[in-house]
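Here chain A shows up in two complexes: once beside chain B, once beside chain C.
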Partner chain A sequence: MKKYPRIYFQILRMTAALMMTYRLNLLVQGSFMIVYLLGFLFLINIVFSKTQSLGGWTRDEVILLFSVYTLIWGIIESFFFEGLRQFSISGVKNGDLDKVLTKPVNAQLLISFSTPNPATTPHEVFVAVLFIHQLFILHGQLYPANVLVATFAGFCSMGILFFLYSSYATLAFHFTNSSQALRALETISDNAQYPTKIYPQWLQPFLFSLIPIAFLGYVPTSFLLGRGDWKLLWITIGVLIGSFFINQFAWESGLKKYSSASS
Partner chain B sequence: MVETIMSNQSIISIKNLKKYFKVYKKKPGLMGSIQSLWHREYEEVKAVDDISFDIFPGEIVGFIGQNGAGKTTTLKMLSGLLYPSSGKVQVLGFNPWDRKPEFQKQFALVMGQKNQLWWDLPAMESFLLNKAIYEVPDAQFKKTLDKLMDLLEVRDIVNIQVRKLSLGQRMKCELIAALLHNPKVLFLDEPTIGLDVVMQKVLRDFIKAYNKEFGATIILTSHYMGDVKELCKRAIIIDHGHKIFDGELQQIIDQYAVNKILSLTFEEEKSVIREQLEKFGEVKEFAFPKATILVKRTEAAKVAGKLLAELPVADVNIEEPSIEVIIRQVFESQHTK
Partner chain C sequence: MKYWLFFKISLQDILTYRFDLIMRTFRYAMNIVLISFVWLAIARETTMTSINTQDIVRYYFFTAILYGLSNFHTDNIEEDIRLGAISKYLVKPINAFWLYFIYQGTTALLETVIKMTVMVPLLFVLGFSFGIDLLHLLGFSISLPIIFFGMFSLYFGLSCLAFWFQAVESIRISIMFCFRFLSGIFVPLIFMPPGFLSISRWLPFQNLAFQPVEFLQGKLSTTDSIAFFVSLVVWTALFFLFQNFIWRKATHSYESTGI
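Take a look at the complex of A and B:
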């Protein structure tokens, strides 16, 4: 099982070398994300100057939720979202999948994780500082058991997001403009920085399934703050298992339809 | 349980392989585009239609066909990229589209028109990635890489960004990336496409050397008959998805070459006119003192004797037509059928 860490280490090495070749890109992308982060904090301060809570969450809790969301989204962006995006744009249409499918490796993992995005790293460090700061502020609400469950829920959430986003990426097997689906999910993901409870009741089931933004921040943060219950935990595990099978089915059936591209 | 279809000792076995694609036919122009929004016509394209053959260890087989004949589609099925519509395939005892790692570690597919190297990085980085993917031990990697770099003379370019290499240099690096794990079976899809004659020759020599050194079985598709002539004893010709010939290259000549070419040089002090030659065969070229005549294969020796007896011939050569011409005749004869 040392094979996959070795492959990933080499990919990271290559990506880092690539990013350093285009250093200005790195600088611009990193700076842009930090501006976005400051923008959110500014906005949330304006919102909380008019109200005491948002969907039952205090200002500090919302900022913690935001930092968890930004960390999870950053991890997704850094590790697999770009790979999925590239796949949905050219993997099937241009036959780029050919060069992966013949390799003795899980092709879906390779395409997903072959385009890491280290440009988010400075941003991640900044958010990690904010996250730790919020933990100090809210330490009265934190218990070791909650931290453990939240960590578990965080890993489950990342699994769910990987499987569901991968399933959306497999739409590329069926129509050429499938990258729009991932772009839409990316845009919608901004809404994960607010508690899921603020959204209408009828919409909430979708936020735990088709548009899985609840797992981007709300679920792990709820457990961290002791707001999560058994029902939420079982939903998380159930969605993880379901999304795994959906992804397997979507990938396998897509491959059967794959016709490569003319040479 | 995989049912064995491989005949005695064959390394690749194909039985009644078919691959049909459903292709959308769009009418031209804006109206055609608008109509296609609610009504679409589809056509079934038989890319590969009932092909069977066996390939044995160590063979280099030329896979010949015009554009769209089904060569690349067959190679893609052999390497597990495409599922066939029907038929059976076994490569090294595996069903390719099961995509088992044990199988994938034993073959390589090189497409002349596609690259696997990372464009903005030196080729060496891609070699290291393949080393990790194929789990090549350090010592074997070093040994193989050294050997391949020497054979292809690329030692000084593997640390230069791929996008800064010439097409030929890039192709050499592509080959190295594909061969680092010492595959037993190699599918080469037009590896010399776009290369100049010198580079074509270098790659041919390399393929020949690789086959000899590693005993690899190679299927090669190419539009350059030079590749096939120089590398392959055996050729498989496919046309519109059908196999129309499978055998030694010499057999193609025996079977399909209708004519032989008589190249004549006349004595310069005597005069010969074109009309004198026409009774012997079809005059292809005439520029005294040289002429080229096409004569029936079966009568070539007899006609040459008559020419020597009746005309002031200083030199005569009986030649086979070029393989390109013969293959063209093969396709033409198929289309007239």
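Take a look at the complex of A and C:
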């Protein structure tokens, strides 16, 4: 197990060096992400200029939800999303998987974590400041027990998102072009900045499973603000276990179907 | 004739990967449907009487149809420039701009048709009326290819910056985001500050979503409708001239080896 952090650190170092080659692109990308975040904050302000609350959440609570969502999404993007995206584009079609399968490491882990994205760091810092600022504003609603449960729910959420996104990436085994599935999840995730309760009842089960935007922000923030209950916690744990098994099944069946494309 | 052949080949190519096409359509449609639910929630909770639920839902369904005409990626052009594949178009009697346009246009056309066939019945299923007349539908339909042509010209010009820079994706995406945000795709511009509205009348953003949808719903006066079409055509022409200028500058001293 010790070799995995070492391998990841090496990959991270190489990726950072490669990114520094295109400094203008990196600069524009970093600035753009912060502008993108400011755009969403502006959007929230417009929303709350029309109403006092949204799904029972105040403006400050929604901004906290937005910062949690952006932090979680940033972590996902920094660590594994790009790797899965690359896999869904070319992993099977171009035979890139061959190079991974012949190495003495877990193929799924190497695929997922092989393309870290350090470019998200400036915007992660920006969001972390916003998150802390919102915590100060809402400190009256925060209790140590809630913070602990929220942290646990946050880790469960990241596990769910990893297993589900990774399962979607395995569509590459079954369809020649399947990259739009992950892109769809990425685009739709922009809506995770609002409380999931505002969406219609019939849609909510999908937002807690197939399109898991509820876990990007709503679930951890609900616990942080003391709005979460036992039912929500059991749903989170249940979805985590379910998504783990779905993921295992998806990769095993995908690899069974796979035949080498190269040589 | 040769470009008609390209269209047919592009169509076959896109239809080969049907799953990807369906997911792409789902991606845009679902995003807009979720945004419309946000505004429905606002309409439920607000004390303001000026927000009309019917209008908001219709607005978002129409923008969902328009979305793919201004939100698409021309990264394949950047890759062709970077890897030198663009050279093959320079030595053949083919215009690279039109070739890429036909490929991207075929995708946009297919997406728009699919979205229309999905979104319009969905609007009825959710219990909302269409509320438009034939004349406005015709005008709206005419504006669609112009919107796409203008935006493709702009993105093609930006992608051509790859002749000078190795990585230009972030520049193109930043500009795309500005258009996405300021065109009224995410927020109907009536909710924006009044000062913004008066400034943006002279900019190209409104022409991509807000103005066409307002026109389709018959909310623009005759003068405003004419102003919208004139503005759309002028900005499209400017974007076309922009890409033409960049392309000429780039290919003027272009060198390639090994092809």
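Just so it is clear, the second predicted complex is superposed on the first by the 262 of 263 C-alpha atoms of A that agree within 3 Å, B and C clash if a C-alpha of one lies under 4 Å from a C-alpha of the other, contacts with A are read in each partner's own complex, and residues count from 1 in each chain.
Criterion: a contact is a pair of C-beta atoms (placed from the backbone, for glycine too) under 8 Å apart; a residue touches a chain by one contact, two chains touch by 3 or more.
From a predicted model like this one, the values you see are computed outputs, not experimental measurements.
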Combined model on chain A: chain C and chain B, fit or clash: fit
Which superposed partner A:47 touches (first chain B, second chain C, both, neither): second
Which of chain B and chain C A:24 touches, first, second, both or neither: second
Chain B versus chain C as contact partner of A:10, first or second or both or neither: first
Partner chain in contact with A:175 - chain B first, chain C second, else both or neither: second
Partner chain in contact with A:39 - chain B first, chain C second, else both or neither: second
Which of chain B and chain C A:95 touches, first, second, both or neither: first
Partner chain(s) touched by A:256 [first = chain B, second = chain C, both, neither]: first
Chain A residues touched - chain C or chain B, whichever exceeds: C
From chain A, separation angle of chain B and chain C (C-alpha centres, steps of 10 degrees): 90
Touched partner set for A:194, first chain B, second chain C, both or neither: second
Minimum C-alpha spacing, chains overlaid - chain B and chain C, in Å: 7
Chain B and chain C footprints on chain A, overlapping residues: 21
Touching residues on chain A, where the partner in the complex is chain C: 21-22, 24-25, 28-29, 31-32, 35-36, 39, 43, 46-47, 49-55, 171, 175-181, 183-184, 187-188, 190-191, 194, 198-200, 203, 211
Parts of chain B lying in touch with chain A, wherever the complex brings them together: 21, 72, 76, 79-83, 99, 101-102, 104-105, 107-109, 111-114, 116, 118, 120-121, 125-126, 128-129, 131-135, 189-190
Complex contact set, residues of chain C against chain A: 16-17, 19-21, 23-24, 26-28, 30-31, 34-35, 37-38, 41-42, 45-48, 51, 165-171, 173-174, 177, 181, 186-187, 191-192
Interface residues, chain A side, partner chain B - complex: 3, 6-7, 9-11, 13-14, 17-18, 21, 95, 98-99, 101-105, 107, 110, 255-256, 258-260, 262-263
